[in-house]
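Here's the structure we're looking at; comments come further down.
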Amino acid sequence: MSALVELQDVSVHFPTQSGVVRAVQHVSLEIAEGETLALVGESGSGKSTLGFTMAGLQKPSSGQLAFDGRALDEAGWKAARRQIQIVFQDPFGALDPRMPVSDIVAEPLLIQRIGDAAQRRARAAELVAQVGLPRDALNRYPHEFSGGQRQRIAIARALAPSPRLIVADEPLSALDVSIQSQVLNLMQDLQEAAAARGESLAYLFISHDLAVVNHLASRVAVLYLGRLVEVAPRADLFAGPAHPYTAALLAAVPRIGRSRALPAQAISGEMPSPLHPPPGCVFHTRCPRAEARCRTEVPALAAVGEGHLAACHFPLTGGEA
Amino acid sequence: MRRFILRRLGQTLLVLLVMSFVIYGLIGLMPGDPLDVMIASNPGASPEVVARLRVIYGLDQPLMLRYAHWLLAALQGDLGFSRTHSQPVLVVLAPALWTTCKLMLISFVVSVILALGLGIVSALRPGGWLDSLISLAAFAGISVPVFWLALMMILVFAVELHWLPASGRETVGDGSLLDVVRHLIMPVATLALANTGGFTRFVRASMIETLRMDHIRTARAKGNGEGRVVLIHALRNAMIPVLTVMALSFGTLFSGALLTETMFAQPGMGKMIYDAILSNDFNLALVGLLFATLITLLSNLAADLAYAWLDPRIKL
Amino acid sequence: MQDQAIGVWRLRWRRLRGHRGGMVSLLVLGLLVLFVLAAFPLQAITGIDPDATDLFARFDPPSATHLLGMDEAGRDVLLRLMIGGQISLLVGLLATLLGGVIGVTVGVIAGYFGGRLDGALMRFTDGMIALPLLPLLIVLGAVDLTKLGFSSEFAHSGAAGFWRIVVIISLVDWTSIARLVRAATLQIRERDYVRAARAAGASAFYMMRTHILPNIATPIIVSFTLTVGRVILAESVLSFLGFGVVPPTPSWGNMLNNAQELVTTAPALAVYPGLLIFITVIAVNFLGDGLQHAFDPRSDRKD
């Protein structure tokens, strides 16, 4: 498995007037060529910040990023820009209201100086068809489209320079449930189409909802208060979560085929503020299994199974979950 | 609070320092130089003499150096000598400062009172005929050239009707209180009218905003939803931004005062600065401008402090 | 392809038409423009030289050839009012544009880059706002251009007087636009479409030109309108005090140069130019109000 993107000990801190917000803390993570890595966590856990970092919108305060084996420094980013694109949560803010769709979709090409104007127009037309929009959409303006259609336009824009990674930051959560599965299917189709062409398209699919993730993720990473608490292949994670936080998230997801005998693990209280993250394990303030050690010692991300990592002093074993 | 005041005071001084340099530099760019008068009174002076004079007066030195000398002297209280008045600048400026402050303060109070009345009446029935009328008048107030308003006042009340004196601070040989007041009426009215328009629009907007919010609040609270209570309550809330804007308008007020003084021949700072620039009285112009800047900066500072003090949401 | 853009403007036009003050001002401004432009045919037909003085015709009352009579130097008042209006309006527009360019540049840069640069620029802007502007304008107006290295010939030409006032007013009156543009830029900067372009590697210049400026055009237009009114007032004051447009070139401000004398001898001459300034500025301000109404999406709620 060759890593497309590699994060090494990445932290992102925001100095603010009331103190330093530790949005992302010491995250190490890989995304493989062509895979879909789901990044889940509560609102405020740092998902967007991590996604923005991978899309080059946010400089990490410390740590390294690499793309395709090459460090993402100034020069590295120049080369990687067209390979990494982003799709946002709110389809209404994602499109410039003063641009016709053809310009919006072709924008990354224009910025990257790919092709001439005619070629870019042709590519825009091709993309609009590919994401399932009518051809006449090209000459219309964003406000004429519904939320789902706008998200398709945003996806078409992300696809324009044929990227190898698309960071999708909760691309479904602003959409109607009936539309969500359509967009989800579209994203899956696009991935398969890329593979069929001999290219590859990987997703970092951000979501606060584990249920959505189950449909398309190959692997799942769980973030809590800026820390990566668990990473596992999707099936493993759903079958046997090792971190109590993941277990609690899963318990909240109604799903067929899972053992009903799930211990009541609903977590209480709210996530602490990233201004003052708790010492030791960040989850100990809400963890039903927390012990003295958890309050002082930060657990390292360690293997609990094949490709299955968890940051917990007392990981759950298969029998418990 | 203490730290806030100190920091703002520091900023004010910094702006004043920067401005003193800018103005010093600009004054140097005005036509003529301080030697012209000496040369004019002694046309026979040879070029060598002139050159020596330049050295003696330090005019051959670079701007920065001259400014540093001036600043050093100024900090020790030596603000120089007014050429046209043949007196130390401060002696000339002190009475003028008083005249201007008097004019500005009286006009300010008059226009605040007017604006509060008109703005509240307007805000009670937005869109009504009274509101439309007041809005029109307010627009007229912000759109009229102050000097022309003064001119029209003179035309009507002094030239045509002979009700009021057209210029000066008092009639020579009279100087009674009534006489002084009669001389003040037109300048004050001009300056006040010129400011009332903007103030009124602001009071109106602020009142409508708070009334809208307080309306809902009182409707929820029910009970003694007396209109009067609402009004007083709303007025207090509406006053906070209004006061700030008013205090922040001291710069505009000073500009208006300069015109008013010039038009009505009032011996204030504005007229003094204007005359000083016209007659190449560099020292007087320089210090006068700095005083004007200082007054405006201090009133802005006062506005900031008042705002912080009035608005409980601001924690210092 | 443009129809949607036109749609927005058509909607705004409809809202503006519903704003009585705005429409009346538009009409008044149209008439004013016609009035000042009428100088060309008038001059061509009558052959009057607006600058030619005739000391035997001082303060001549209105006649068939000189509809508004003669001024204190025996020049045709009507023609000078028209030409002076051209100058005053032109100064108003040009200084607003130039000041607008300064203000928009400062505002966009401060808002887009943020941080220290923003802090420094806004501190500077606040400092400018705090200054008593008229004395500063007078000093700037008094600056001897030859000391700045301009030739004496240019320094005393009419063109120098004209451009000097355009430049100094724009140097002073850019602050409100800068603050407005900064605030608007701060909002747009955080929009996802700006982020998307940034992720694609767009330069700051591309971002400002393509995404930010078009999306903040509306408040800029309103603010420009209000600035025109302020600038015309400033020009009239400076020219009146003798630091602006210099005679023989007329402007509504400098036609009042001798106003104090005129008030007693020929009051009408003191009334006309000021009245024209007043009408122009009030119309411009009402138009600004109307535009604000027309551009504000909330004003639809009343319909």
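Residue numbering begins at 1 within each chain, and the chains themselves are lettered A, B and C in the order written.
We take it that a residue touches a chain if its C-beta (ideal position, glycine included) is under 8 Å from a C-beta of that chain, and two chains touch if they have at least 3 such contacts.
Bear in mind the structure is a predicted one, so any value in this text is a computation, not a measurement.
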By count of C-beta pairs in contact, the leading pair of chains: B-C
Chain whose averaged C-alpha position falls nearest the assembly-wide average: C
Separation of chain A from chain B, taking each centre as the mean of its C-alpha atoms, in whole Å: 58
Intercentroid distance (Cα basis), chain C paired with chain B, Å: 23
Euclidean distance of C-alpha centroids - chain A vs chain C, Å: 51
Chain B to chain C touching residues, read off their complex: 11, 15, 18-19, 23, 26-32, 139-140, 142-148, 151-152, 154-155, 159, 248, 251-252, 254-255, 258-259, 262-263, 270, 273-274, 277-278, 285, 288-289, 292-293, 295-297, 300
In the complex with chain B, residue positions of chain C that touch it: 123, 127, 129-136, 138-140, 142-144, 147-148, 229, 233, 236-237, 240-242, 253, 256, 259-260, 263-264, 267, 270-271, 273-274, 277-278, 281-282, 284-286, 289
Touching residues (chain side chain C, partner chain A) in the complex: 1, 4-5, 191-193, 195-202, 206, 210-211, 214-215
Contacting residues of chain A [partner chain C, same complex]: 52, 55-57, 77-78, 81-82, 84-86, 88, 90, 93-98, 100, 104, 107-108, 111-112, 139-141, 143-144, 154, 157-158, 161
